[in-house]
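Presented sequentially are two complexes of chain A, the first with chain B as partner and the second with chain C.
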Partner chain A sequence: MSDAANTQRTLDREGLRGWGFVAPALLWTLAFFVLPFVVMGAMSLATLEGRTLVWGLSPANYAELAEKAYLWRGILVSLEITLTVTVVSVLLAYPLAWIIAFRVPARWQRLALLLAILPFWTSYVVRSYAWLLVLAREGVVNRTLMGLGIIAEPLTLANTRLATVTGFVHFFVMLLTLTIFANLIQLSPNYRRAAMDLGANAFQTFRHVILPLTLPGIVTGAFLTFVLCIGDYVTPQILGGNTELTVPQIIMVQLGRRADFPLASALAIVLMGIVTLAYLASARWLRLDRL
Partner chain B sequence: MRALPWLYLAAAFVFIYLPVGALVLFSFQGGALPVPPFDGPSLRWYGEILADRDLTSALGHSLAVAFGSSAVAVTLGFLAAYGLARHVLPGATLVRGLLIAPLTVSYLIVGLGLLIVLTRLGAPLSLMTAGIGHVVINLPLAFAIVYASMGAQQQNAERAARDLGASEAKVILLVTVPMLAPALAAAFFLSVTLSWDEFIIAFLLTRFDVTLPVEIWSMLRSGLSPRLNAIGSLVFLVSVTVVLILELLVFRKRP
Partner chain C sequence: MNDFKFFPKEPTKAANPREIRMTRLPSLLLATTALTLATQASAQEELNALVWCDHTDPALIEPFEKAHDVKVNLREYEGTGAALALLEQSRPGDWDVLVIDGIDVFRAVEAGILAELPADELPTADFFPEVVMAENNGADGKTYAVTEKFGYNTISYNAAKVDPADMESLSTVWGEKYNGRISIYDYYLPVMGLAALADGIETAKIGEGDLETIGSTLSTMRSRAVSVAGVVAAQTALATGEVDIVVGGGEWLTAVLAAEQPDLTWTIPKEGAVRWTQSIGVLETSEKKDLATEFVKYIVSPEGQSRLATSSCFWGMPANAKAGEMLTDDQKKVLRWDDQPDYLARTQLYPAPSSDLDIEMQDLWLETLQQ
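Moving on to the complex of A and B:
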């Protein structure tokens, strides 16, 4: 037998063994992620006639999304809330990450960062409940302000879009502080020194040197915020109080009361489409491998 | 002007800790409403939730699902990382992409897809199906963490062991796994924390036996209650403990 054939055979056996290690994870992902995903895609093209499911290639569900006001309005509401949350969270987190990175003395830095993101680990159902506790009609803020005699009637804070946004911003400020901090701390102080030496003032240094250098970190964090926010059901359900429904809430309504799996699937596909668009829009700056 | 950063820092911490602070403080409330004025401290509500059968069994379910699904996720993730790092496989890039893919999809959609398939198959929903869903979301993380920490120094030690006559199973169990212990522990604890907190997949894929977040969700229907504060504080305490263990054991070692 020639050497080449021998090597080939060892390679084959090696390769086979390699696949043996990869196979369990791969099969799991194919069976419980890829297959469900394909079925969901097919489901979005099926229709319900009465209570029976009719498979096919019907665009009816997608047409319904464009026609029925409560459906397309849901998509708009989701987009508005998500964009607001993303922008506000970045604007609040950046200074916080900055202060922790450059103002807090080095030996307290790790502690300050840990403290700033510790409540991130509260269960997210519990976190939304905790905000309800603060914002409810009979909640902590209203009771305190009335107790102090500052207001006579309770303010409407819960069951509003503001409450949903507050709950989200709270969560994502912590996440973004972490990603932006990681970005800031990697910057060599020499950049700032060089800019200052060349006569830039503090604002110019920030605007033309620091900001461009930290943009990848900001965009990566903002993208994560966008993805997690637009797909969340819990926060708007607990804090928004059904005054306006987001896409995940509408999906859950379809699943629960009406068992309309085709429409729910179409909504899920639209949600993924929006996330893909957000990805394409931010791909230039995204550094997902750095997370 | 000099005080401005410190004022901002203080304001940010108030915002970050306001809900958690209110949650924990009023879990010690004496009366039936977890709002000011504070009339505690009292352990009454902690006593009540610990005596609540539904809650304690949900807690047991959550622990079982979290530890079971994390063990599966880390095992599968480790094997795949080992296979991809130590063997030259055609299509390795595609496989890596596929294994990471669930990270880019929201939990709601992962749960919805599984729910559709399970209902079509007529499979009953249970803690097992929720666990399967949790493996789907944690496997990419476990794989990525372990894969990223596989380096040349382990490969050299593995070669040395193999030259000395160790079988592949022995090499993995006695050389690779111990050398990767910090990464495996990080992957496991991160996976446990995420599964322990996860709501929407567990909500969609369980029926009669539910996990703790799902049980808490059903308690929420009756509005503000110091029992919710008490159980929420306990859940927070568990998560924080795991995070602190992780911080001390695993991340401290990095220079």
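Moving on to the complex of A and C:
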């Protein structure tokens, strides 16, 4: 048998083995992402006539997005909240990750990280309700501010967008701290030393060396924050007080009484479209291998 | 050669582990099968019920389980649409009992998912007449469900923080005086029903032409409110002093808090209020219809009704008036038992819109929330 044939057989065997390794993940993705996505896409083109589901290829549900102002407003509210949460979380998480990576002695870093992610250990729903009580008219924040004489009347903090953003930020700062810390800790101190040797001050070193090198960690964390935040129902429902509705809340209303799965599916597809755009915008910096 | 005596004897067949497994396999299988059959024979029968949270109180369910040596599996749901979708995705026979919003029984009947109930075995003669609602619970002369509980979507408030006299008129409830001290219950049908009553429109006669008027009232109500809240959030808001009034609240909201915070109370204003009801029925595909019917009969019996009325999840009036004999004076006081004739006369069933009107009403509600 020739060497070429042997090489080909080896390659075929390697190829088969490769497929063997990939197959479980591939089947998992097909079964739990591709198939549901196709069903959801098909459902978004169906219609609800009276209370009967009619399958078809109708764009009616997407047309409703243009016709009904509250649907558009829902998309805008979702985007505004998500972008605010993402920016605020990054601004808070970066210094925290920096302090843990470079200011906390190595032997205390594990403990510092543990403390940073401690709130993850409590239930998401319980944490949201806890924030509701903290921000209430007679809650800790208002009592403290009134006790200090800063305000005379309690502020309306609960059931507002501020409350929703606060609840989200509390959660996502932890997530972002982890991704940014993982990135920071990999940076060789030689980068900083080299920049300093070349005459850069601390700010210039950060601006031109550290920040660009930690962008993958920031963008990965920010993207995860964006995806999880824009699709979240619990936090805006508990903390926002329905004073404005996000897309997931509108989806739940469609399902709750009328079981309007076609319109709910169309809204879910729109959400996926927004997430896809966010991915495309950040793909350049999404470097999971750097984490 | 001496070593020979230390050699083991020639291995027997059974010494081969593989053969041990093979020879014991049939007996193992036999034993397992026998055990399985024995377990099945002695296993409790199970009943699967799709319910509202008030049915999950062990004090309600356990007496039935003991009496019938049955395990009742309960699954809570919110929203008729969610329940119908769940049933559609289940296999026939998965569910035996359904608790459903009284105004939505017709949807379940239209979908053909409810079995006929033996009307002559149900104690509806003992019910408060206004909540028997035979036309809602049946079709073509057949009974498919029976009312089990009712109450009111009206005005809950903190008597220590607001003037009770102001709560006697809907116009003052959401007037300027209480700006920022109101929460609205997060369900469009009863709240729009209340808005309709404030505008002098009967809930049963709400039509597309009334939506502009109702929408205007809703907007006013919304502008005064700090939140639109579900059951737990509304209770929390009232209990913590976040708000002093819940529009759309009622005994179901404040009764469980009555012992700890007696200032939290409710009233039915002069314009009236809307009445909610919940019904219970047996599913057509149930393979245990007799047992499921027994469960329904237990729930509407005076014993079941008194336990359901005071469920740990939420309180509400029992449909069966004879439950009064099983309730304590304190419980009846919280439920306002003696006021029921007056309340029933002054309240209307909350809107039960057609499919098209339902879409319009839901859209109007969502538009109001997004303002």
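The definition used in the following text is that the second predicted complex is superposed on the first by the 242 of 291 C-alpha atoms of A that agree within 3 Å, B and C clash if a C-alpha of one lies under 4 Å from a C-alpha of the other, contacts with A are read in each partner's own complex, and residues count from 1 in each chain.
The rule is simple: contacts are C-beta pairs under 8 Å (C-beta built on N, C-alpha and C of every residue); 3 or more make two chains touch, one makes a residue touch a chain.
Please read all numbers here as calculations on a predicted model, not as lab measurements.
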item: Which of chain B and chain C A:50 touches, first, second, both or neither; value: second
item: Touched partner set for A:129, first chain B, second chain C, both or neither; value: both
item: Partner chain(s) touched by A:216 [first = chain B, second = chain C, both, neither]; value: neither
item: Winner by number of chain A residues touched, once chain B and chain C are compared; value: B
item: Partner chain(s) touched by A:40 [first = chain B, second = chain C, both, neither]; value: first
item: First (chain B), second (chain C), both or neither touched by A:258; value: second
item: Touching both chain B and chain C, residues of chain A; value: 129, 132-133, 136, 138-139, 238, 255, 261
item: Interface residues, chain A side, partner chain B - complex; value: 11, 14-15, 17-22, 24-26, 28-30, 32-37, 39-40, 43, 92, 95-96, 99-100, 103-104, 112, 114-116, 118-119, 121-127, 129-134, 136, 138-140, 143-144, 147, 170, 173-174, 227-228, 230-234, 238, 248, 251, 255, 261, 264-265, 268, 271-272, 275, 279
item: Interfacial residue positions of chain B with respect to chain A in the complex; value: 5-6, 8-9, 12-13, 15-20, 22-23, 26, 33-37, 75-77, 79-80, 82-84, 86-90, 95, 98-99, 101-102, 104-110, 112-117, 119-120, 132-133, 135-136, 139, 143, 168, 193, 196-197, 199-200, 204, 212-213, 216-217, 220, 224, 228-229, 232, 235-236, 239-240, 242-243, 247
item: Of chain C, residues touching chain A in the complex; value: 78-82, 84-85, 107, 110-111, 180, 183, 186, 189, 226-230, 233, 236-237, 240-242, 355-356, 358-359, 362-363, 366-367, 369-370
item: Complex contact set, residues of chain A against chain C; value: 50-51, 68-70, 73-74, 77, 129, 132-133, 136-139, 156, 158-159, 237-238, 241-245, 250, 253, 255-261
